[in-house]
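Structure in structure tokens, see below.
Residue numbering begins at 1 within each chain, and the chains themselves are lettered A, B, C and D in the order written.
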């Protein structure tokens, strides 16, 4: 366990915690990007170059921006008066803690049989590309269809229904 | 502790943080953020298992993670679109106030 | 001798590093390269501002800066001193931390892009296998910096400017990526050094640059359009339109932070021009086979400066677009062309050598260009100008 | 090993063989395209059909020239392209196509005659509203027929064979609104199926024995020596070898398609279809497919024959062929429908071909097939022209004197008739029929076929003369006056009559080019052969027979003008024989009384069984169930419903309780979900530890 891993893990977890704890929604979104960046660095630390850069491109470049836009469009940057946590926050926290306990327990239980350091896998981007259009071509096509339908679906969901809206305004 | 166990623990922690956020926050967008965090924790697991698994050259975990990233992007787009539409409709993104199934 | 000239920087680095213990040499080498980049591009930035102001002045039939130093060439030094000594104002209601982080993040992500750009033979900081992906990942991150700047200022002009900028950058990132993917398809690699190597061949003394193929030419045009929008340069400079938004997302910045934004924008322009040079213009390879004795880095930087000149030229020539025109242009013209270009590149790849693929690919692209262009033109109904007034 | 051979295209196959599949494929594609056309797309349909077949003809000619040049250079060409169609377990089914002299000649013949008939059809079918459908079927037929010709696998041949049968069915029933046409189509389809079942059995047997259905596969095909040797050593029943038995089964299929006795009954009825169909399918090509099939599997049929000897299979073929030849010719004498006479004539001539194959080998039979294709197509098209000119009149007794009304039709028809009769020296029919007679003369088993075939030739001359006398001589006995046909119909007639004359000269005994070409030998021109005593005698006899036949017929029918209703001249002389002949030896009636009657009886028995026995059983079961149901209803209303109502109340209460869980709060759901996951994981881990 290298020192780099501990730093990155701390950064990621701190980012995640901040994203879930901060009061200001935009700050939460920015903390989320920190968590994303930390995860990307963890990926790089795991020698998954492609996945790491894809993580940055997709999550920081697109998802984070999307979240930020959504926050601004829903006026979510103003902290509400009634508090940011739901009424049953204690139950939620307890359950999350239970989940962590179970997961952690499971990991520690099986820590003995988990593999130790292995050789760095020599995987080039070209191999990933060949696998994507070779063995994994069907999932790739399905993801392409999914993305297209998600694009159309998101547009249809979020589209401004002009007629109805104008009527409301006139009232 | 083996490196894999370390990564798995970090992923578990991140997952729990995401879950806690999704369970406790009022704002729908932040619930979505929590879910994104959970997804990312799963990705970290996938990549870690790929790296320390017996057959990294098969690329299975890596592919899983890449597809998961793509699907998560779609999920975020649709989810946020829904949130925006809900906001337009109910003038709020507070999940505690959105407990009616009738529009 | 020629080789020494070509590799002079590499040799210099090796020589300097050789004084250190072996364990430190790698780290020191990287540090040295980073330092060189961090010093070089701001200097180039300073030089470019003068050139831009003087060039624009020539286009607009003025003189431009001519007071400080010979022919006004010390103007950037004066400007630099001014911005460093100016008071750093942070608005009272601003989000101080984010307000501070925004310019830093911008400059950092922009400089990160240079890490994978080959600036000459063997002159690349890290030769990443997924270099292009890394570059675009960094480019995408800079959008966040823009948003942070606009949002943290608590100023509606800043916020609107930031939103415009981010929307524009996201919209044009799609064609930017798609036009680059074409090169990746043909080269079969995301590594920028491999892309340059693939172009560094000559037939009859002429280079195999990708711009000299039908898909490469179309791709380069799309790339150039997308980069202009991506760097918020005229005619796509709506986010900074002074007449509408005061100055866009950095309205509330002053002093050194403002200078950082200014620097970041120009360096982004350099790096994206460098990427365009690498992808389409053969990177550091010479334009004719008999000119290969000229050091490779000279070619890289001259191509880069040529691109910068085109940027300045466009700024002096073209009027600004409207927001809806900008979006329509991106989604209804550039994107379809890019998608078609992808198909053409595939066709090119599988048709094999021979004149036929030239004819077919060129014909498809030309037809699409004319067809889409005519469609766009027809939609533009030019009529008497209508005025709208605030109610 | 077989895989390696069949998957990779063979190196020896020339480019033309590689693209040989285009010849059938193009007409089939044209058929598919014209199937999509609307009824109004007449021009397009005709253009598609004719264009595609012209393309096929072009390719066929190229293939023919390729084979021809190989032959000239002294190489006997047999190129095959095979590929694996289906693979199951260790064995696989291969398909493929072959280019050899036989298939090359057949390709040219089928596409050429087909093209002429297509062109003719544009005129003949001009006023039909289902013009596009017609050309669609015709193209499909042409494609499938060409497929039969090039097939190198018995299975591929069978597939195309069945498509050919299908198109035959569709085209016979083209005017399906006529009940007689629909019935004829059905009859043709069912009768040929009888033969096809035997054929299929033969195929399966062959596959079971040799493991391949390819004809030629570089020594591994079923027609090559290794397989044949194996088949010969396998005994079957009745003292037959496996080769002989399979050969006989395949011959049964061929007999069905080629209208050999006793499966000939469908062919005369098939004349209900449009005349070009009769010409193309039921005279020139499809019915010849049976002959072609026998020629194709000839090595199998002849396997085990010593030099000059014969095999059981070939003997059967000979006898059936010879018998059919005489039998059908006899019936043809007493028919009055112009197309029916030709149909029986076709059956008779197919018998000749079969007999030729059986006695003289491939070349003799196929030579008659080729010449017959041309002159019989000519006769049918001529008959079509006559029918067209006489306003759809088909009864020869109501025609007459058309010699002057339709001079060009008469001229070409006369050429066809003389060729069919085997008029000496000048006409192709003479030479090809002579070849068969010569083979019969040398046949070692029996002399009877020779006499039968000579008698058949006499009858042929007789009925053709009778027909021509009725149709073209005397004076007009019909209603509306006749008129000459358009030139689009006459030009194919002219071309066909040209070939009906000249084709004979490629197969005279003096210059047996055709035989040499098929057998891969060199053709020598030697007039002295004609002067051999034996041959001269035979030629003299056949000439004499032809003249006698024509003379006798002319004496009965020449230049007289009997009333349509008056009894036939022959009927007056021999009323009893005439009765038998005009009723086609009562074969149809015989079938009606035996096979069909049996099926009818069996159908009635089944119906009775169905109604009484099974129906009764079902009714009994139903009644029992109804009784049970009544009992059940009683229980339901009084016992079950009460408890059910109680249960429903409970459910309502339970639902009310459960609906408390459905709060509409997403986070509550998520919480329950997460809790469940935790519980499940804990249980799993706990249990795995134990």
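Quick note on the criterion: a residue touches a chain if its C-beta (ideal position, glycine included) is under 8 Å from a C-beta of that chain, and two chains touch if they have at least 3 such contacts.
As the structure is a computational prediction, the values presented were derived from the model and not from experiment.
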At the largest C-alpha centroid distance from chain C we find chain D
The distance between the C-alpha centres of chain B and chain D, rounded to whole Å, is 68
Distance in whole angstrom between the CA centres of chain A and chain C is 29
Per the C-alpha centroid definition, the whole-Å distance linking chain A and chain B comes out as 5
Chain A touches at least 2 other chains through residues 50, 54, 62, 69, 86, 88, 91-92, 95-96, 99, 103
Residue ranges of chain B touching at least 2 other chains are 19, 23-24, 95-96
Residue ranges of chain C touching at least 2 other chains are none
Among line, ring, star, complete and other, the chain contact graph is other
Chain pairs satisfying touch are A-B, A-C, A-D, B-D
The chain D residues in contact with chain B across the complex are 663-667, 670-671, 674
Contacts from chain B onto chain A in the complex sit at residues 1-10, 12-21, 23-27, 29-30, 32-34, 36-37, 40, 43-44, 47-48, 50-54, 56-57, 59, 62-63, 65-67, 69-78, 80-85, 87, 93-96
In their shared complex, chain D is touched by residues of chain A numbered 86, 88, 91-92, 95-96, 98-99, 101-103, 105-106, 109
The answer for chain A against chain B in the complex is residues 1, 5, 9, 12-13, 16-17, 19-20, 25, 28-29, 32, 35-36, 39, 42-43, 46-48, 50-51, 54-55, 58-59, 62-63, 66-67, 69-71, 73-76, 80, 82-89, 91-93, 95-97, 99-100, 103-104, 107-108, 111, 114-118, 121, 123, 127-128, 131-132, 136, 139-140, 143, 146-147, 150-151, 153-155, 157-158
Residue set of chain B touching chain D in the complex reads 19, 22-24, 31, 95-96, 98-101
